[in-house]
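Shared chain: chain A. Partners: chain B in the first complex, chain C in the second.
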Partner chain A sequence: MERLRKYGFIAGFLIVPVVLYSVFVISPYIQAFQISLTDWDGYAASPAYVGLENFAKLFDDDAFWQALRNHGILLLVLPLATIVIALFFSFLINLGGGSHGAGMRGIWGSKFYRVVFFFPQVLAVAVVGVLFRAIYRPDEYGVVNGVLIKLGFDPVGWLVEPSIALWAVIAVMVWQAVGFYVVLFSAGMAAIPKDYFEAAALDGAGRFRLFFSITLPLLRDTVQVGWVYLGIAAFDGFALIQVLTGDKGEPDGTTHVLPVQIWKTAFNYSEYGYASAMGVALFFLTVTFAVLTLRTTRRERIEF
Partner chain B sequence: MATRRRRLSRPRPSLLSGLSHVALVIWALLIILPLLWTFLASFKNNAEIFGDALQLPQALRWEAWGRAWDKAHVGRYLLNTVIVVFFSTLGTMVFGSMAAYVLARYRFPGNRLIYYFFVAGMAFPVFLALGPLFFVVQQVGLLYTHTGLVLVYIAYSLPFTVFFLAAFFRGLPESVAEAARIDGASHTRTFFQIMVPMAKPGLISITIFNVLGQWNQYLLPLVLVARDEEDWVITQGIASISTLAGADADWPSLFAALSMTILPVLVVYVIFQRQIQSGLGAGALK
Partner chain C sequence: MTHPGEITRRQLLRRIGLTAFVAGPGAGLLSACATAGGGGTPSSAAPATTLAASADPKNPFGVDPNKPLEVTIFSGGYTDAYAKEIHEPLYKKAFPGATIKHNATQQIGIQLRPRFVSGDAPDVINNSGPESMDLVALAGQGHLADLTVLFDAPSYDDPSKKVRDTVTPAVITNAKIDGKDLVLNYTVSHRALWYNARLFEQKGWTVPKTWAEFTALGEQAKKEGIVLFAYPGQVGPYYQTWNMLYTAAKIGGNQVIIDIDNLVDNAWLADPVKKAVAAWVDIQAKYGDKAYFGLDHTQTQVKQLQNKVLFYPTGSWIENEMVKDIPDDFEYAIAPIPDVTPSDVMPYGAIQVGVGENFVVGAKGKNPQGGLEYLRIMLSKEGAKGFTQKTQNLTVVNGAAEGVDLPAALRSAAKAQDAAGQNIITDARFEGWYKELFDYATEQMNVVMAGRSTPEEFCVNVQKKADEIKKDSKVSKQTRSE
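== the complex of A and B ==
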């Protein structure tokens, strides 16, 4: 009886989540792999099975390669820029005030900075996109160009100039992300025992030495987590790029990314087979990146 | 002791310290100024907006706020978002914690399998599912409805919620649950009256995480409730107002709409910033 009651309870608690999850998450994922092997247009009752044709088409698709190049740039620049800036700020905020008696403390006003820096993180990416579309206006009425004109420069077409557009987009991503990693790294720094810094400071280590010889090595695990998260973000960029530069990947496809292309191929062109093939490619790219990062940077854990 | 303290806090080169402050102030301004500019631009008229970008508005004109609320339906979009996020977060927390609890604390055949079944969902990019998801929601008759959107939000929030909360429930002491059982409490009662209160810190963190994630969602509504404008959530609304602002040449109401979206988030953030930061941070490090 008790056994029966226990299994009844388990089943009762699991049934709704498992059904919801199977219907709306698992089944679409499995279907996506099947559809990627067909030429389904969203209407045909029995779409033709075309084997790997969609993937072959992908290889000849310039837009796909352009998107891959952009993901490559994002993958290099976004994590690097965000982590360097965030590490610098979190070091200043947590340890920049020098050591005082019981331990290290942050620079003056550090609480305020932490609150301000984190705020963009709670804004919706779509809202941030609209905001920066106004700020980046290519004519002299945008904020950035207004400042440039004041300083005596010519206005710049931030989102319309092919050589700058992607960098302007990356700048917004970094703008939004830094605060989150400041908080993340701050938590990591708080976990480093105070006497490490104290001992080093006693031995005459300056702030540079404290950062590079003590903080950074001991923060390795946290930085690695950050790197993986930012890398995965580098394969997304949908909301921001869709809002900032439109779904055509303007200018000249220099801000093409796979998610926008998938969305467009599926819902504008009704090429669900081809869109799913792109999705499968995106999946393998993301997984490969995550596995490679975790593999190559794995090291023995340092226990405090 | 006195000498030691003096040595430790000896003034470092003040140039370095000054530069650090400059860097922090610049980044803070980079965040504050665009938001402040948006807020101020909502009071400008079109002439001022197409004038000097760095000029303050000449008067506090609230008309654009009225237009954004009525004509651009920002009120409607905000209400839709609140309703959707309320039910989807509630559902995520109820179903997520139930599943996590059972998976964390009961032994039964298939336990590991179901756990990994949930956790695997974190590895897949949602873009992969996009096309088929549209047709699945259509088949169950919930396309273009808020109910459909709520159920999809719940389903896609489950992997992380289950993963995080299972770890949390696993860490709770066995003795209390044991005592409850001996006192004759049913499994369900033990869960709701004993385990849930004990798991409160974890539940709060992950609730904040889900509220923010679902409030900011743009992709799923774009696919699932795109047809009728009155069903839109705020992110869709803002993106569309931004496109329309160019066509109607009504820039002030775009900025008013943006301000209306950002201000409530700002207020909630300032009140709960400590919990929000620890909630998101804990989520990332798990």
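== the complex of A and C ==
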């Protein structure tokens, strides 16, 4: 009785969010699994079940494999570049100025930089896309190419040369993400007791030593979270790529990503079943990545 | 300090647990969400609904004068003023007791797809824009009303004439899906190369008639820092797909495009296609500028207005599209594609004249009779003239633009059509029938124009895709004979 009352009380609070969550989050997921087994065209009232045919089709789909290759590159580069840059900046902002009185401080003007770094995070992805289309514009009106042309160089087709387009896109993603991770890592650094740094500084440790021997090991958990977030972001890129290079993965499919392909397959080609199968594949890719990352980087935690 | 790793793992497990729970008892309930569950009629037994025609020439479809009508308009380049201020008031005048629910959107598919699935579609739908619906799929489910009764009904202005005799014949040939008349194409457009007539006057240039003249002009323009030809590699690269197809038809006749539409074996490997691709690749390499691969249609069109681009492949809507930005010394004029070879099947002057802007009537809506009547009103002289006045674009209704003050682009297009006579290049319908093939061809177009594949490879690649579509039994096939 006692137990029932206790759990009834908790359930009373949970029932509304759980129902909302089930209807708006869980049920579409499950439905995607269900639709992926059908040949639904988006209009039929009762689509026919085709078993795993849609998944078999994925294996022969060149565009799908090209998208996976692009996600592979994103997965390697995006987290690494963002985390390295963000760690560097947050170290400078928080600890780069050396010890000072009661604790460590950042380099001169760090409060200003902290705000400025966060700016890109405030902008909507679509705005960032439009902004960088102007920056990457391949003719004399482009922000970068205008300067290049004035200096007598040939303009660069940032988003139209297959060899550089994906890198140009990744650069935008990193640019936008760094600010958030600077803030995240700053918070992590603030939580590290100041005595550690003081002690190390007294023993004669320089800034490099402080960073690699004290800051980085104690930030491990935060970096790990960042890695998972960025990895999941590497499976997305929908809005940014739509605006920057369109829905065909131009040029030559080098900026093909799965979310754009799913959207196009469903809404342009009316192949909802096949698109759902891609969605299911993407779901498992993302979950596998998250689980693997958390598993392989698990280690004893330091309490302080 | 939080323990993010731990929490995420636990959450994951919990989510999986919850998923299993909901999937059990809730699955039946959930399956009813997007696809309306089972119990619907099988798709094969869902033919287009044919409505009986009544004898009254004033009201041939037997419209209930008090029944409300719902109209959904794509508010793109034409906006929705023509419907709101011309066609709907005309309907109200005919049926004062009826209320009209007017809905304008740029996201036709997103708004209407769920309504079609639940059997609550609007009566008149202007299916257009990037989010437009797949009409073949809709037709397969019997959602589109048969327009044969409309085409056979007495016309609005002259009851002794059938509607089908008051419109340009392309309306009838383009209405068919799966052999039935389901789509009304309302506008007429002229496609070829567009240029600035004033610039030509000023420089003393003449419109090139042969490929040699075309390239010679390219050399001259180059000296002036003008690009002979450009198409937008972003957003509108299909302009070049059209241009290439029309060039192929000019070289080898309309049969080239008809074969491509009918998925005839090796249609893309035909000699005229290869020649057309090679000719344009050559122009791009010698007289083009690769910067345009990274520009969208508006950016490219603005550069043409600045006299940086000589010829631009588009349609007669261009003037209305750019009307706000056209400088005083710029006048749009159409130039036919120059003769590629001395033995082109179509003589110089051939241009593409096509119909567009789809209107359909929802067969399972509340007032399909009213929908048909609304289309009949659109095809009246008054309705069509109003459209032309509002949008500066021509309609399919014969003689409806008489007395309307047309902009320069349309006057030039009309003149070119007169000059072309019977030599009208047909439209490529696989764009709507097999969108995946059209998109793929356009993708490959950018690759070949940028010089990253050869014209030969382009043809082979697109043919491979066409073969895939042909073999795919799930893609419903369309055919055309003319």
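Definition applied: the second predicted complex is superposed on the first by the 279 of 304 C-alpha atoms of A that agree within 3 Å, B and C clash if a C-alpha of one lies under 4 Å from a C-alpha of the other, contacts with A are read in each partner's own complex, and residues count from 1 in each chain.
FYI, contacts are C-beta pairs under 8 Å (C-beta built on N, C-alpha and C of every residue); 3 or more make two chains touch, one makes a residue touch a chain.
This structure is a prediction, so every number in the text was calculated from the model and none was measured.
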Partner chain(s) touched by A:224 [first = chain B, second = chain C, both, neither]: second
Partner chain(s) touched by A:159 [first = chain B, second = chain C, both, neither]: second
Contacts of A:136 with chain B and chain C, given as first, second, both or neither: second
Touched partner set for A:267, first chain B, second chain C, both or neither: both
Partner chain(s) touched by A:147 [first = chain B, second = chain C, both, neither]: first
First (chain B), second (chain C), both or neither touched by A:252: second
Per-residue contact with chain A, leading partner among chain C and chain B: B
Contact residues common to both interfaces of chain A (with chain B and with chain C): 26-29, 31, 35, 42, 141, 222, 225, 267, 287, 290
Parts of chain A lying in touch with chain B, wherever the complex brings them together: 5-7, 9-10, 12-14, 16-18, 20-21, 23-29, 31-32, 35, 42, 85, 88-89, 92-93, 96, 98-101, 107-109, 112-127, 129-135, 140-143, 145-147, 150, 175, 178-180, 183-184, 187, 198, 201-202, 206-207, 222, 225, 229, 235-236, 238-239, 242-243, 258-259, 262-263, 266-267, 272, 275-276, 279-280, 282-283, 286-287, 290
Chain C-touching residues of chain A, taken from the complex the two chains share: 22, 26-31, 34-35, 38-47, 136-139, 141, 155, 157-160, 162, 191, 221-222, 224-225, 228, 245-246, 248, 250-253, 267-270, 287, 290-291, 294, 297-298, 301, 303-304
Complex contacts: residues of chain B adjacent to chain A: 4-5, 7-9, 12, 16-17, 20-21, 23-24, 27-28, 30-35, 37-38, 41, 49-54, 95-96, 98-99, 101-103, 106, 108, 114, 117-118, 121, 123-125, 127-137, 140, 151-152, 154-156, 158-159, 162, 186-188, 191, 212, 215-219, 222-223, 234-236, 238-239, 241-242, 251, 254-255, 258, 261-262, 265-266, 269-270, 273, 276-277, 280-281, 284-285
Contact footprint of chain A on chain C as seen in their complex: 1-5, 8-9, 12, 18-19, 22-23, 26-27, 30-31, 33-43, 109-110, 113, 116-117, 131, 134, 137-138, 140-141, 143, 233-235, 289-295, 299, 303, 435-436, 439, 442-443, 446-447, 450, 452, 474
